[in-house]
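Look for chain A in each of the two complexes below; its partner is chain B in the first and chain C in the second.
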Partner chain A sequence: MPKYGMVIDLQKCVGCGACAIACKTENNTQDRADGQRFNWADFVYKEEGKFPNVKFAAMPVLCNHCTDAPCVKACPVKPKAMFKTPDGITMHNDERCIGCQRCQKACPYSSTDVDKDKAAYSVLSFNAHGGTTHPFYKDEKELIKDCTASGAQVAKVAGDMPPHRTLYKHPEYESVRRSGITEKCIFCEHRVKNGEQPYCVVSCPAKARIFGDLSDPGSDVSKALKAHNSVQLKNNKGELLKAGEKGTKPNVYYIRSYKAEAKKV
Partner chain B sequence: MELKRRDFLKAGVAAGTALAVSGPSLNAFAKGHEHAAKGAMATEAGNWVPSTCQGCTAWCPVEFFVQKGRVVKVRGNQLSKANNGYCCPRGHIMLQQVYDPDRIKVPMKRTNPEKGRGIDPKFVPITWDEALDTIADKMVALRKAGEPEKLMYMRGRYSPISTELLYGTLPKIYGTPNYFSHSAICAEAEKMGPGYTQGFFGYRDYDMAKTNCLVIWGTDPLSSNRQVPNAINKFGDIFDRGTVIAVDPRLSASAAKANEWLPIKPGEDGALAAAIAHVIMTEGMWSKEFVGDFKDGKNLFKSGAAVDESSFAEKQTHGVVKWWNIELKDKTPKWASKITLIPEKQIVRVARIMGKAGSACAVYMGPGVAMTPRGTYASMAVYALNGILGSVETEGGVFQSSGVPVEKFSKPDKFIDEVAKKHGHGKKIDGRGAKDMPAMMGAKPGSGVVTNNVANGMLKDPNAIKIFLSTWSNFVFSCTGAQRWEKAMAKVPFFVHMVTNASEMTQYADIVLPATFAPAEKLSIITNMANLHGHMSIQQPVIKPLWQTKAEETEVMWLLAEKLKAKGFANLYDYYASFEDPETKKKPTNAAEFCEITAKIASQKVWNGKEKMKGDQVAGWEDFKKKGIYNSETYAYKKNWGKFKTETKKFEFYSETMKKALAEHAKKHNTSIDDILSASGYEAKGELAFVPHYESPKRHGDAKEYPFTFIDHKSRLNREGRSQNAPWYQEFKKVDIGDVSWDDVVKINPGDAKKLGIKNGDTVRLTSTTGSITTKVRLWEGVRPGTVAKCYGQGHWAYGRVAAKDYAKAEPRGGNNNELLVDDYDRLSGSTARNGGFTGVKIEKA
Partner chain C sequence: MIRERLLHKALDRDAAVTVDRSRCLGMRLDGFACATCVDVCPAGAITTGDDIVLDADTCTQCMLCVSECPSGCFNGSKPDFYALASKLMRLGRSLSSPVLGCSGMPDRKAHIKGPCFGYLSYEHLIFLAFFVKDGFQVDLAGCVDCGNGFVKERIKERLDRIASYAFPGVAKRIILVLHEDELDYQDITYDRRGFFTVLKNATLSRTADLLDRQDKDVFSSAYSEKKLPFRRELLNKVLSSLSDKERKALTTNFYYTVGADNNCDDCFSCVGICPTGALKVGPGEASPRLAFSSALCSGCGLCSGFCINGSLRVEKGFWEDDPFSFSAVRR
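Then we have the complex of A and B:
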């Protein structure tokens, strides 16, 4: 059985945002609302120093697909709505989910309200009970009556919600989630199972993301981890696990440095 | 896992989809690579269909993933050498532009004659027929009145091919000299550096896969400037081979990663360039292969000492010793450090790194250097570094653009009548060629467009323009001194705007025609280059448009020509109808045929097999539409050595080309070159005018009243000011480093903020000599005390529900930089100034 993981090369990453927006197109995540971000791929930024000795770094973030996933432990449903697949993906079943948000509270990389928490991001987002997903495309307001469109009209004429919805099928997951449940990155399992890479990986113009089998020493992820020192995130405030600190055993690793140092001449 | 009820349902839907895809309905639009659904979990069936993104000036060949007639994903064209198969973040945002709820669905007309910001035009829907009848009636009447020159056309974003059918045709056949491109508000002054040294008035390319030292100067290639996906793709690997140096007054995305950041005082680029050249020369690190050497091999370039010209034997260059004697000999790093505020040590260190990398050091110069009131000379000074390093067309160096074979349309000459001949060559209202506006693009005085000066021309003579047509433009928002455009537009008696969204400029329109969103809905041919390859790519309707939109440069022009013919002016129609399909020889009988025939004519050389192409092999028109791209051969190193298009055919450190052009302009105005330069606001006198040199920056607003120097920069998510209505733009605004999602901020050094009593997140009013805007504050160490930086893009008071805070009330989200920036020019090129710290601002808590 493979054990899937990701390595992000920060020397190659330029923080452009292509991965995060591409993820929204692949997974049809909605716009932020009420402290929920719905960005399965997002960023943490670090700023240090004073002008002109400023150090800035961007870190792309996503679900760490932890080996000791607290979200799975916290899920009260039987069988669990949040569970680990045999190949290490932290998977979520959207039919069994009861929307209790215990996973969101348990996950060190998530917040039930990102704004209140002053967190950089949240791996898990919650579609409010009784709410409507993608309200942007349900709004019937026309800015110029009979001349310009409305969100609802676009969705109707295009024929789906959201109108740019990418259709994929997955036994655990709808390509657009219903209200009253949490949602998160699933490592694009619908792609991976067909021999494709997750969409954030293929969309990275810098080729900064490496995805593969951590249990295979010949895989690109294993090779990258062997060639370079790596770090893992500790939480959604951007702190890192210290050497020897296991945390929840995240399976997303970061190698090399975002910023280059001045060279001696 | 047990299979659930819904899985059976989903499997059924997927099977249905696969059938639909192989059927004729989708193929009617475009063919692509089929992606078959398989297994219990998979992407459902769809096609990757090629087209071209025009979200920035890279004009990237891309592919849209189409499922059930909807565009759902975007990627770079997998065959593209310019972008290596990737699009940048902008590409993905196209989906939200296609499905923008505020797209204009139908032609509309104004019912409120009063025009102004915040005044509801009271648009009502009309038919295409009524809209075009109204326009044609006005045009025929103006011609009958004997003043066709009072029709003006201005283009915004365009197809480099289809533009010939509107911009290149309509004014000539109708009879007006007043047609203007948006070009000069973008980065045109950049072209002056390579133009007056190397004879190449164009945008450069870079061998980023091989460069050992990339010097990014006044631009941020990871965010903008003509090859974003390629720059992103190659950037990280440069650190393994060499060094990245960023010269920028603010911490840009590139500077944040670079080995060296030189936060130069805005506008002092010419001084830094001169000092770097000074070090390279005095330390003997110039390229002996490109520049040559002292005859006796001994370096005579010593600080402060003039050199005998005859002691040096030049190879591919002209006037290196003259340049040294006239400009460089006293431009020491110590001198430059006082002016630029870059430490002397860093200047010397950087110069040595550059010198060591030699011909594999690419100096990537951008608009920050050039788009300033005296930018031509700074552009020359920075670009000339490539000359002394010998990195022109070398491995790891700087290149001219790569081209592709385009078949030109037949000339419209025989359709130009006496009226058009008489009225079509008068004075243009952009003021080019005036004594104080040499506009010497391409070494031809009076040839460069002065886009932003059009508003001044309109204000000076409100009767000059009676009919104004414009496409994919928003000058009321995108030009500095934007308020002038509001005033000028309010006085235009009849304005027709062809656009996708009701923008700021649209608020002044009498007729609005809904344009296609070009990358997904328009058939056209696009050409561009990057990564040492030229490309021709198709832009095509990958989906059926949702609304009654039409392609403005082709379909609309055909329909308008039909209307003009019906009203007695047939020349435009007769010209268009004379085109013929290169394969079937059939002539167009309707707008759709005209559209396809013109695309085929322009692109035919790459696919008709008559001549063996040096790049990709394309088997025919259908194959071209399927692949979506032709890549040229790889640029050959040193291709133009010995045959640069300068007066001497050499790389001119002493620009004979500039001397000749200035002399021609001075002669036209019966005066001296010194007088021309002084009238145009430059400092140079005598021989200095012909060499790359330092000119002090011009600043509007005295330092006491307007103590902060304003820095304008570009967003990596800006699709030329059109993407702000996309929620994804707002959500990821934070990828512009220092910026904040769903907001607009001015970045202020924390030390300055403390003195002003301003905290992070406060709202402030910025005021320049031109105007005021209100915006939030972000404390940011990435700007020098005394300077403030703000990204261009936000501040829309129209465009849509997301872009504007309140569209109905014309309330902006944030503030538009162009309402602060002063209307000024680099007059040698005609370019609009927007960089170089030329605008001072004061900051008040709001």
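Then we have the complex of A and C:
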């Protein structure tokens, strides 16, 4: 049985955001609202120093698919709506989810309100009770009056919500999730089980993301981890796990750290 | 489509009781101590564990689970209770006391027959007592010879309890026929017009039944969906038609209040776990506050069992004016 994980090569990553856009298209996630990010693939940007001696680093973040996933422990329903698949993916079932947000509270990489917590991101997002997911496509207000189309018009003409919706079929997940539940990255399991790579991996123009079986020493992820020292994230404030620190045993690794520096010549 | 439905009806008997897993308290909250259905089922047909299962072969269709489950997890697939109630109401105009019978007793005379009386919960009985004003008889005389005979005692207990809660006069409208010679059955005679009306109604209801329930195989709804148990719906219907005194008696004995202490940090987890939607995120002065509506609360206690701060408590009785409106949970 494989144990899926991801390695992100920070020296290859240019912080272009193609993975985030690819993910939004593939998984039909909605726009940020009310302290929820809805970005299954997101970013942490770090700026250090004082002009002109400044450093800048970009770090793509996503669900770490932890081996000791606290979100799974926190899920109250039976059978659990948040669970580990045999191949190590932290899976979420949208039918059994009751929307209590305990997973969001338990996950060190998530916040129930990113803005209030001053967090950088949240891998778990919550579709508010009684609301509509993708409210933008119900909105009849035009961006520029009598000039542009409204979201509602676009959705009507395209016949779907959102118009570029990727209609994947997954036993646990709808391609657009309902309101009143949480949602998160599922490592594009609908693609992985068909032998494809997660869409963020495919879309990365710099090939900075490597996805594969951590238990197979011959896999690209294992080779990359053997060749380089790696770090893992500790929380959604951008801190890293120190050497020897296990945390929740995240399965997303970062190699070859990189900071862009402005130097006086 | 119709052909398939007819075939289905002929070959597979519709399950007498359907189980909606998403409403089961033990399924919504792992480890929640509720075994009402297991305790109440005399046949031992219900098992709870990783899933809640009703064994159709062992089930004697006494319907006690339907009337006891606090969460409305079990539902009798037949009959349409409102249709039954309105028929009793209509019959009451021409007959002095119509008879509600059991379809398991083909030899006994009744004006309407339904499943085993076990489904007649407090809420069903209160509803019938208030709406069928002319009264009716429940024919329990046949229960002596029936394997589900224990149901008779339960119905008696329930009616006695309703009577003790300040509705003695109303409860008397339901006459329990315990012995054969107590039954007062009047034949209905139809004139020509009446005959065709009956024929039309019967045909309509059969056709409706055939066209309805296309998704009958889908019993489980999404866990995040809020659903009011049918019995609560009945009670709410009764409540809106009552005098102040009766209203008070009903809300004191059959409604609930959710309160919180100062440990509540408005995390709103309980809003998610609540199966009925009695709790919601309401407006507050500075930030949103937890709001509660008693009319939507089944008193299941899931919120208090789930609250991480141990802050919520569910109390029997509702003493404020309007159970239908949402108001901030009292601290």
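Convention: the second predicted complex is superposed on the first by the 252 of 265 C-alpha atoms of A that agree within 3 Å, B and C clash if a C-alpha of one lies under 4 Å from a C-alpha of the other, contacts with A are read in each partner's own complex, and residues count from 1 in each chain.
Keep this in mind: contacts are C-beta pairs under 8 Å (C-beta built on N, C-alpha and C of every residue); 3 or more make two chains touch, one makes a residue touch a chain.
From a predicted model like this one, the values you see are computed outputs, not experimental measurements.
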Which superposed partner A:81 touches (first chain B, second chain C, both, neither): second
Partner chain in contact with A:258 - chain B first, chain C second, else both or neither: first
Which superposed partner A:151 touches (first chain B, second chain C, both, neither): first
Which superposed partner A:243 touches (first chain B, second chain C, both, neither): neither
Residue contacts with chain A in the superposition, chain B compared against chain C: B
Partner chain(s) touched by A:112 [first = chain B, second = chain C, both, neither]: second
First, second, both or neither for A:1, with chain B first and chain C second: neither
Which of chain B and chain C A:101 touches, first, second, both or neither: second
Interface residues of chain A shared between complexes with chain B and chain C: 95
Partner chain A, residues of chain B touching it in the complex: 1, 3-4, 6-7, 10-11, 13-14, 17, 37-44, 46, 65, 67-76, 83-84, 86-89, 91-93, 95-96, 98-106, 108, 123-125, 222-223, 228-229, 232-233, 235-237, 239, 243-244, 251, 253, 256-261, 263, 349, 352-353, 356, 501-502, 512, 546-547, 716-717, 727-728, 731-732, 734-735, 737, 742, 749, 781-785, 800-801, 807-808
Touching residues (chain side chain A, partner chain C) in the complex: 76-81, 94-102, 105, 112, 129-130, 178-181
Complex contacts: residues of chain A adjacent to chain B: 9, 11-18, 20-22, 24-26, 31-32, 39, 43, 45, 47, 49-52, 54, 56-58, 95, 136-137, 139, 141, 143-144, 146-151, 153-154, 157-160, 162-172, 174, 189-191, 193-194, 196, 199, 202-208, 258-263, 265
Complex contacts: residues of chain C adjacent to chain A: 22, 26-30, 50-51, 220, 222-225, 267-273, 280-281, 306, 308
